[in-house]
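Shared between the two complexes below is subunit A, which has subunit B as its partner in the first and subunit C in the second.
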Partner chain A sequence: MIDLVIVGAGPAGLGAAISAAEYGLEVCVLDEFVKPGGRLLGQLHEEPDGKWVNGIAEAQKLYYRALQLGVKIKCGVSVYDIAKLESGWCVYTTDQIYETECLLLATGASETPIPVPGWTLPGVMSIGAAQVMGNVHRVKPGEKGIIIGVNVLSVAIARELQLCGVHIESILLPQSSFVSGDSAHPEKMMESLLRLTHLAPSPLIRFGGKWVNPKIGARLYPRNGFKMWGIPIQLRKTALEILGEYQVEGVRIADISATGEVVPGTEKVLSADFVCIAGGLTPMSELASVAGCSFRYIPELGGHIPIHNECMQTNLKGLYVAGNITGVESAKVARAQGTVAGLSVARELHAIKQRADEIIDIAKKEVIDTRRNALIQFQAGIEREREELYDKGNNVFEEKISV
Partner chain B sequence: MSGDQTVICRCEEITLKEIKETVERFQCSSREVKLRTRAGMGPCGGRTCRCMIDRLVEQLGGPKISNDVSLSYRPPVRPVSFGILGGEPK
Partner chain C sequence: MNSMRVTDHPILGTLENKKQVTITFDDVPYPAFEGDTIASALLASGVRTLRHQEDKGTPRGIYCNIGHCFECRVRVNGKNTVRACLTPVEGDMRIESGGEL
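Right after this comes the complex of A and B.
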């Protein structure tokens, strides 16, 4: 029996593999993608100090460190089921069945695209798919794109696509309807953009983040939008329909009021050869659900979260979670959570001989500090919700364990 | 194309109209919508439309999204061959 199997070779999974292997555990990491690194692979940002963060290089560093410590990493393997054993867990994969003492789910997040009329045409993709095509596979998704959905992720990826040599014609809102919810609302989206402060080269957003109330921001917002890196961001325009006979040819758009209503007579067609839809992200917790974890619904963290404590333990013995499966946050937070999870497993298996609690407390504090300094805040209120979850989470945890 | 004809579940090709009508007619939960229409039951296991179905049902006056996962997950959570399920050696 292996000490620790980890599902997911993203920053959380690799971070956990490293910290557990440093205490001598036998660790095996499984990932269904062809390369290790998870969502890190797609990332490319310029930090406030002007340094570029290249996710591929970050992923390589983690990968080599893990290999050095003797961690086994298998790519191209999907985990399709897990089951509790008398002692430990059984992991069913497309490769073989593994038995392990402890199991860590670090499966990340999935996208929640907004259905827009015409979204099934070839050439329409989620924003994350465009990121993977450009930054991971080095294939341009098209020559001229339109992004539907204005949020932290879509603006960051628009910039990455631009660096790939793709022209982004416009980033605009989906049409207001039940399917789009807040994502069609200029004020709400202004609020979301204001969380991008540090990353934004635009003074409107950079200063706006500190001073502008989103309501006023959306009203003052120029009808023709403003530009970031030369890309028009249009909170006062909406995408009504994606057009094309056999594939994407363009998008029918219209002006909208500050509260999201279409202004009659303003419709026109923008041409494009691909369209990205940027909805949001939600924790990918399918395996936690199959295992029988309890959940809590926390929209600020992206949806249904498997209940866990600050040590990353779920309410099932030997089952841990880390990274975006516990709530959508940036890669650095995921990595720090992974470290905590790896150490907690090492403690459970008595591999940390001295001061285990103290070591884990330091790692927990690192998660909190990293969260506070994160460049990308996917949602408002993450810190508050986390605190509440861990207060409540601990109670539930004790209740269940004591039964 | 009218908004109502927009496909919500791409695997099973279920439109917004079908989901709306089901919620209106049966006053039901997202789980019941899934069982009645097959929305969310295709090969992707609902990975694309699950959140949307939950949200739609809530906005159409169905039960609020709660801590319970209404659209439950069932193994296998990825499409796998019978050979793999049966433990056929590779």
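Right after this comes the complex of A and C.
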């Protein structure tokens, strides 16, 4: 039996593998993708000090450190079921069945799709798909693109696509519907964009920072949007339909009011050879659900979250979570959470001989500090919601585990 | 034709020379580089339609590109429902698109 199986080789999974292996645990990391690194692989952004953060290089550092410590990392393996054993967990994969003392789910987040008429046409893809194509596989998703969905992720990836030599014609809103929810609402989107003010060098700050109140911001918003890196960001335009016979040829758009209603007579067609849909991120928690974890719906963290405590333990013995499955945040926070999870597993398996609680407390503090220093906050109120969740997690944990 | 490749990138640098292999998609040969997935190799050659929907026969390509949505499912060396976005290319790989049933 292995000491620790980790599902997901992103920053959280690799971070946990490293800290657990440093205390001598036998660790195996599984990932469905062809390369380790998770969503870190696609990331490429400029820090306020002008340094570029290259996710591929960051992922490689984690990968080699884990290998050095003897961690087994298997890519191209899908986990399709997990089951509780009398002691430990059984993990069913497309490769083999693993039995492990402890199991860490570091599955990350998946993109929320926004259905738009015409979205099944070849050339329509999620914004993350375009990011992986461009940065990881080094293939352009097309020559001229339109992005539907204005959020932190779509604006950042638009810039990355531009660096790949792709022209982005426009970033605009999806049409208001039951499914699109807030993402079609100019005022709400203004509120979300204002959180980008952390990215100091961008012109958005100078522009958006003037408006403390997103309501006023959305109303004053110029009809033709404003440009970031030369890309028009249009909170007052909506995508009605993606056009094309065999593949994407363009998008039919219209002007909208500050509250999202289409202005009659303003329809026109923009030509494009690819379209990205950016609906934001949702924690990927299917395996936690299969395992039987308790959940709580927390919109600030991106959706349904398996209840866990600050040590990353769920309410099931030997089952841990870390990274975006616990709430959508930056890769640095995920990595720090992974370290906590790896140390907590090492404590559970009595691999830390001295001062275990103290060591874990330092790692927990690192998570909080990293969160406070994060350049991008995906949602407002993350810290407050987390504190509340951990209170609940601790209560549930003590009730269940002590019996 | 490899015009969709990002050969030179201002931050990530120049694409390293990788071993080239040949794959076939619906009996047409295409070049691919080692490390490509089926989806990235075909897109690099401008191929976007990977199958036609089973019911209505409408064209489909990649959507999520990380294995969640199964929109890119193809037949590989006789095996059905293989995700083009997660499957690394191999020399002489025979890929077939699915069609209307």
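Heads up, the rule we're going with is that the second predicted complex is superposed on the first by the 390 of 403 C-alpha atoms of A that agree within 3 Å, B and C clash if a C-alpha of one lies under 4 Å from a C-alpha of the other, contacts with A are read in each partner's own complex, and residues count from 1 in each chain.
As a working rule, contacts are C-beta pairs under 8 Å (C-beta built on N, C-alpha and C of every residue); 3 or more make two chains touch, one makes a residue touch a chain.
Quantities reported herein were computed from a predicted structural model and do not represent experimental measurements.
S.K.: Quick check on the superposition: with subunit A as the shared anchor, is it clash or fit for subunit B versus subunit C?
M.R.: Superposition check on subunit A shows subunit B and subunit C fit without a clash.
S.K.: Per the contact definition in the header, classify A:S110: touching subunit B only (first), subunit C only (second), both, or neither.
M.R.: both
S.K.: Could you work out the angle between subunit B and subunit C as seen from subunit A, using CA centres and rounding to the nearest 10 degrees?
M.R.: An angle of 70 degrees, rounded.
S.K.: After superposition on the shared chain, which partner residues are touched by A:T120: those of subunit B (first), subunit C (second), both, or neither?
M.R.: Both partners, subunit B and subunit C.
S.K.: Going by the contact rule set out at the top, does A:G303 touch subunit B (first), subunit C (second), both, or neither?
M.R.: first
S.K.: Which partner does A:E32 contact after superposing on A: first (subunit B), second (subunit C), both, neither?
M.R.: In the superposition, A:E32 contacts both subunit B and subunit C.
S.K.: For A:T94, decide between first (touching subunit B), second (touching subunit C), both and neither.
M.R.: After superposing on A, A:T94 lies in contact with subunit B but is clear of subunit C.
S.K.: Using the superposition on chain A described above, determine whether A:V139 touches subunit B (first), subunit C (second), both, or neither.
M.R.: Touch status of A:V139: second partner only.
S.K.: Once the two structures sit on chain A together, report how near the CA atoms of subunit B get to those of subunit C, whole Å.
M.R.: Result, nearest C-alpha distance in the overlay: 5 Å.
S.K.: Which residues form the common part of the subunit A surface touched by subunit B and by subunit C?
M.R.: Residues common to the subunit A contacts of subunit C and of subunit B are 32, 78, 110, 113, 120, listed in rising order.
S.K.: If you look only at subunit A, which of its residues touch subunit C in the complex?
M.R.: 32-34, 44, 52, 54, 56, 76, 78, 110-111, 113, 120-126, 128-130, 132-135, 137-141, 163-165, 246-247
S.K.: Using the touch definition from the top, list the residues of subunit C that touch subunit A in their complex.
M.R.: Listed in rising order, the residues of subunit C that touch subunit A are 4-7, 9-12, 15, 35-37, 40, 43-44, 48-50, 53, 58-69, 71, 85-86, 88.
S.K.: Please output the residues of subunit A touching subunit B within their complex, sorted ascending.
M.R.: 32, 78-81, 92, 94-97, 110, 112-120, 175, 177-179, 181, 241, 282, 284, 286-287, 289-290, 294-297, 303-304
S.K.: Enumerate the contact residues on subunit B facing subunit A in the complex.
M.R.: Per the touch definition, subunit B meets subunit A at residues 1-3, 5-8, 10, 16, 45, 47-49, 51-52, 55-56, 59-60, 65-69, 72-78, 80, 84, 87, 90.
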